[in-house]
Amino acid sequence: MRILEEGKGEYLKVDPDSYRAYVRDHKPHEMVSKLMSEKEAVEKLVHDGDYFAYDCNYFQRGPASLIREIIRQRKKNLWLCGKFTYVACAMLVEAGCADRIDIGFIGFGPWIARAVRENRCKIYEYSNAIMTLRLKAGAMGLPFLPARSFGGTDGFPHSGCKIVEDPYSKQPVLLAPALNPDVAIIHVHQADEYGNARVFGTGITHQECALASKRVIVSAEEIVSTDEIRRDPGRTSIPHFAVDAVVHAPFGAYPGTVQGYYASDPEGVVEAMGAMFRGDFKAYLEKHVYSVNSHEEYLAKVVGTKKMAEIRRRETIKEGYGA
Amino acid sequence: MSTPAANFSEREFVIVQVSRLVEDKKIYWVGGGGEPLSSVLLAKRTNMPNLQYLTEDGVVGPEAVVPFDPLMTMISSRANYRALQWSTMNYAADLAHLGYVDYGILATLQVDRYGNVNSTVVGKYEGGEGRRFGGPGGADSIAALAWRTILVTDQQKRKFVDRVDFISSPGFLDGPGSREKHGLPPGTGPWRVYTPWAMFGYDTDCQLMLQAIAPYVTVEQVLDEMSFKPKMAKKIEILEPPTEEELLILRTQIDVGGQVTDRGRWVELRDGKYCFAG
Amino acid sequence: MRILEEGKGEYLKVDPDSYRAYVRDHKPHEMVSKLMSEKEAVEKLVHDGDYFAYDCNYFQRGPASLIREIIRQRKKNLWLCGKFTYVACAMLVEAGCADRIDIGFIGFGPWIARAVRENRCKIYEYSNAIMTLRLKAGAMGLPFLPARSFGGTDGFPHSGCKIVEDPYSKQPVLLAPALNPDVAIIHVHQADEYGNARVFGTGITHQECALASKRVIVSAEEIVSTDEIRRDPGRTSIPHFAVDAVVHAPFGAYPGTVQGYYASDPEGVVEAMGAMFRGDFKAYLEKHVYSVNSHEEYLAKVVGTKKMAEIRRRETIKEGYGA
Amino acid sequence: MSTPAANFSEREFVIVQVSRLVEDKKIYWVGGGGEPLSSVLLAKRTNMPNLQYLTEDGVVGPEAVVPFDPLMTMISSRANYRALQWSTMNYAADLAHLGYVDYGILATLQVDRYGNVNSTVVGKYEGGEGRRFGGPGGADSIAALAWRTILVTDQQKRKFVDRVDFISSPGFLDGPGSREKHGLPPGTGPWRVYTPWAMFGYDTDCQLMLQAIAPYVTVEQVLDEMSFKPKMAKKIEILEPPTEEELLILRTQIDVGGQVTDRGRWVELRDGKYCFAG
């Protein structure tokens, strides 16, 4: 199985054995309550220098409130998993929280461009599907997974992928290195206090992120009982033992949507996109992050009950989004 | 009901063209929102109600409720309404790996002679000097794995180049055989490129070939807006303009806010001939 | 990426490109009704010499009625995917339908042992998890998947697996060859006429079997409308385009259980197990297969309404088994 | 409530022993039904209500309703009742790959000095001459991937051999380092072997070591029923007999039909000493 081509991009070290040992020694195998505030969860579980994955994005069932909390706590030197996302990477770079990004798709914007030129931010190239595959490899406890895409691109040399001769078909096949982030944050519809969590509808990689990552924070629109989880186990997306903290975060995806629960706020979306395109998040961060101390305060002071009622009302489709 | 329209934008023209390529019996993977999704939604509302498509978030065969809120083309209740199946992104990639995706439709920033697509950087990559964009997103998987990829782009010199500044998503790379050499499945690749002014196919040597033009431009105008001279089909066809019915659906049901179509020039029917307005 | 060890067992050729072409040219991409009788489905879609996978087994939500129909039609030279199964492989070998088995776990019994000694049946060695992984590789359109098990066993040399040096960790890692069966049969709770199918509760590899196999027959306890499928798309286990035939088969898993719908029939289970242990399925096949022409006739004449009512009644747990 | 029982079968003894190893704070993968599952179900009903286990069909943390119909230990509503999650087999294997399985519990047909397990063939493999069994099933994955594997087998010369006729599921293979050489994750392997007569551990050289015996046998009897001489712990402990409470739960709730326990000899308390009955 010859190696035919190798990307030269730096990538998070592939080490499934160490991840196994981490799971054995640090993951909460027993059922213990993990309910805590956003502040506490981020303080405890997001460390400077972490490889950091968030699932979905700031507009689509993403952990927007947790992203704001990470910025509020001025975390540093994060390495971002930049797949299927618009503004969050730019926000995190502009806020001084991140200096490396693996890119599937991000809203790049002038700020990141400047940071790259000034060597304050490093970029590694992938695609959305290769990044989700890397997380899947990480979630399967494997060192890599093969794929039939990404070869031949100009991203490949800036990645950690390799092309090898498949020992079965003798054809070239790409290998994507497993990704086991230090920390992942995921926003879900429902979770119990232990972290058994349900996502309704489509998603990107919530289960993969949870199983692949050393430390996992789940924020949930609703906290439900474990009895409710056990009533319909086919709906469980994430098992408790993958989860280190459960944060109750109603409207946690605002200004984004949580499908079946509330619509996005188009004004809020456009405001964030505008900041990104202008390459200036200062006013945005001031208003949406630094001006408040918590998500509760944010909802009360910045979003307001009228807006919350409106986006709930506008989400008229409920079919398929309940157990 | 199939009256040729007297007034439409270039964007509307290209959406309608692509929508007419769409077939009920095929499965599409639609990249992002914009023209590709609008084309498919239009097709579904004209004569292909059973059309099936998937998107990156692992939705199979939705009956989307349009219009969408800004950017809400995936992981949203309206975009994913009444799907046949809901899943996640790796599942969409699995289906594409398996060969279920007959056609992929992509909007592109820059495209070249071999159908290679750039959505990463215009200008120099190293040192971050070029103008940087968001990356391939899901487009790389579509371009690699769909049997036929339909590209949608602008008819502009800087977007239609001999060699893209950065291959974000693969076309035919360096020509026949080079996709396979890099591990991509055989029999796949770019199939059509649509611009508001023209439609291109590919010759057997994998090079772009002009096949048809819009009724409001000449071949010369098209070639003037390319950085290289494409191969030319033996006969250059004239594309049919949108019908009033198609435009009505597009404007009242799909692109209600004009987010997708409100760019580019307007075209009007004047003295029996289509030409740019104003 | 050096090959360190290679199994020498024969295995179904790994050829993801040909499978892709098959999917493009032969899978029903459009929504067409595929409702047909068991007889027609098996006649059309199960061919002599096929690599044949059935999901689950004769006792646990397996396609028992379709297995009986395959025997009734006296299919020949099947190569069986023998994972997580008790009696069905032995039945198929004894009935003269199969002459090769990839083994994860099967009820072996004296009949197969005799067939192996007399060179009428060939055995290749795997484990349940390696067989399900092979199907998963097939369902992902990949040539292989890595695993951290099965190496070092005495099964390995009789398999199609290889151990290579992982180009990332430099450690030995096993590769399992993708499996794309010629035909698969799967029993589900609900399906629409196009083949969009729902399995409630746990399972083995229903989705993998459906996506990995060239021809797929789904038998369903209930035929539901496509509107019902669309009402709750998160419950769809198998998409229509993977499916070639839909058979309405109430009590299709008898004597096995369909969780939430009916319990197993312990008498029927013991009768089949007894035949296997004795190495004599003659009487069993005569009574349960050859004496009738169809599953309907089987239910009416052999099982009887009393038994059907009884196993329905005994299945008191419904939680989690409905949309 | 913890009165030592006066009457129990060898099978009951071994189930009770294994159940006492089980911890609330660990995750178990239980192979098949039989003694392993009975042990876990017993533990859950004695003092470990929060005990979590998974089985091959991808069930996580069920609260099983016992007893089961014959063979219905997986993919059945009673076995999977009120689980935390339902999935499929590849998911169970993923969790094991990830290191979530603290303990695997397996019943074995034949086991050797290095804890290698045979469930494929007794006698010669080639030509099908030996007596053939069903194969590794899920046991290979458990033996390869669980941090610690607990084996349950009979105390019989033919089951306790120097080298198994066929390694279906890996123990320590040929000793230190050989698991890793064949791609298995480090730090894993067999941990305990329980028989109705004895409990074994492993020495640092990966070889089986007798650690404790049942109160109704002697060390000599145990060694007589092995084809090789194991290493011996410095002090051989005596295992505690089942309590009346444990047996009551086992007999009335779990193995009601006696399917699991109704084999092997009976033991009774006679004149303050345990010995075989009859």
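What to note about this one:
Labels for the chains are A, B, C and D, by order of writing; each one numbers its residues from 1.
Everything below uses one rule, namely that a residue touches a chain if its C-beta (ideal position, glycine included) is under 8 Å from a C-beta of that chain, and two chains touch if they have at least 3 such contacts.
This structure is a prediction, so every number in the text was calculated from the model and none was measured.
Ranking all chains by how far their C-alpha centres lie from the centre of chain C, first place goes to B. Set side by side, the interfaces C-D and A-D show unequal numbers of C-beta pairs in contact, with more at C-D. Put simply, the C-alpha centre of chain C and that of chain D have 29 angstrom between them. Chain B and chain D, compared by their mean Cα positions, are separated by 60 Å.
Centroid to centroid, with C-alpha atoms defining each point, chain A and chain D lie 41 Å apart. Look at where the CA atoms of chain A average out and do the same for chain C: the two points lie 37 Å apart. In chain D, the positions touching at least two other chains are 59, 80, 82-83, 86, 96-97, 185. For chain A, residues touching at least two other chains, in rising order: 16-17, 141-142, 147-148, 171, 173, 201, 231, 233-234, 319-320. Because contacts link the chains in a way that matches no line, ring, star or complete pattern, their graph is best described as other. The full set of touching chain pairs reads A-B, A-C, A-D, B-C, C-D. The touching residues of chain A, when paired with chain D in their complex, are 16-17, 19-24, 27, 29-31, 139-142, 196, 211, 226, 229-231, 233-234, 236, 239-241. Across the complex, chain C is touched by residues 24-27, 50, 52, 59-61, 63, 80, 82-86, 94-100, 102, 147, 185-187 of chain B. Here chain A touches chain C in the complex through residues 1-3, 14-17, 141-148, 162, 164-169, 171, 173, 175, 177-178, 200-201, 231-235, 319-320, going by the rule given at the top. Contact residues of chain B toward chain A in the complex are 56-59, 65, 69-72, 74-78, 80-83, 86-90, 92-93, 96-97, 120, 125, 127-129, 131-141, 144-145, 166-170, 173, 178-185. By the touch criterion stated above, chain A contacts chain B in their complex at residues 5, 56, 59-61, 82, 84, 86, 103-108, 112-113, 116-117, 123, 125-130, 132-133, 136, 147-156, 163, 171-174, 201-208, 257, 259-260, 263-264, 266, 269-270, 273, 315, 317, 319-321.
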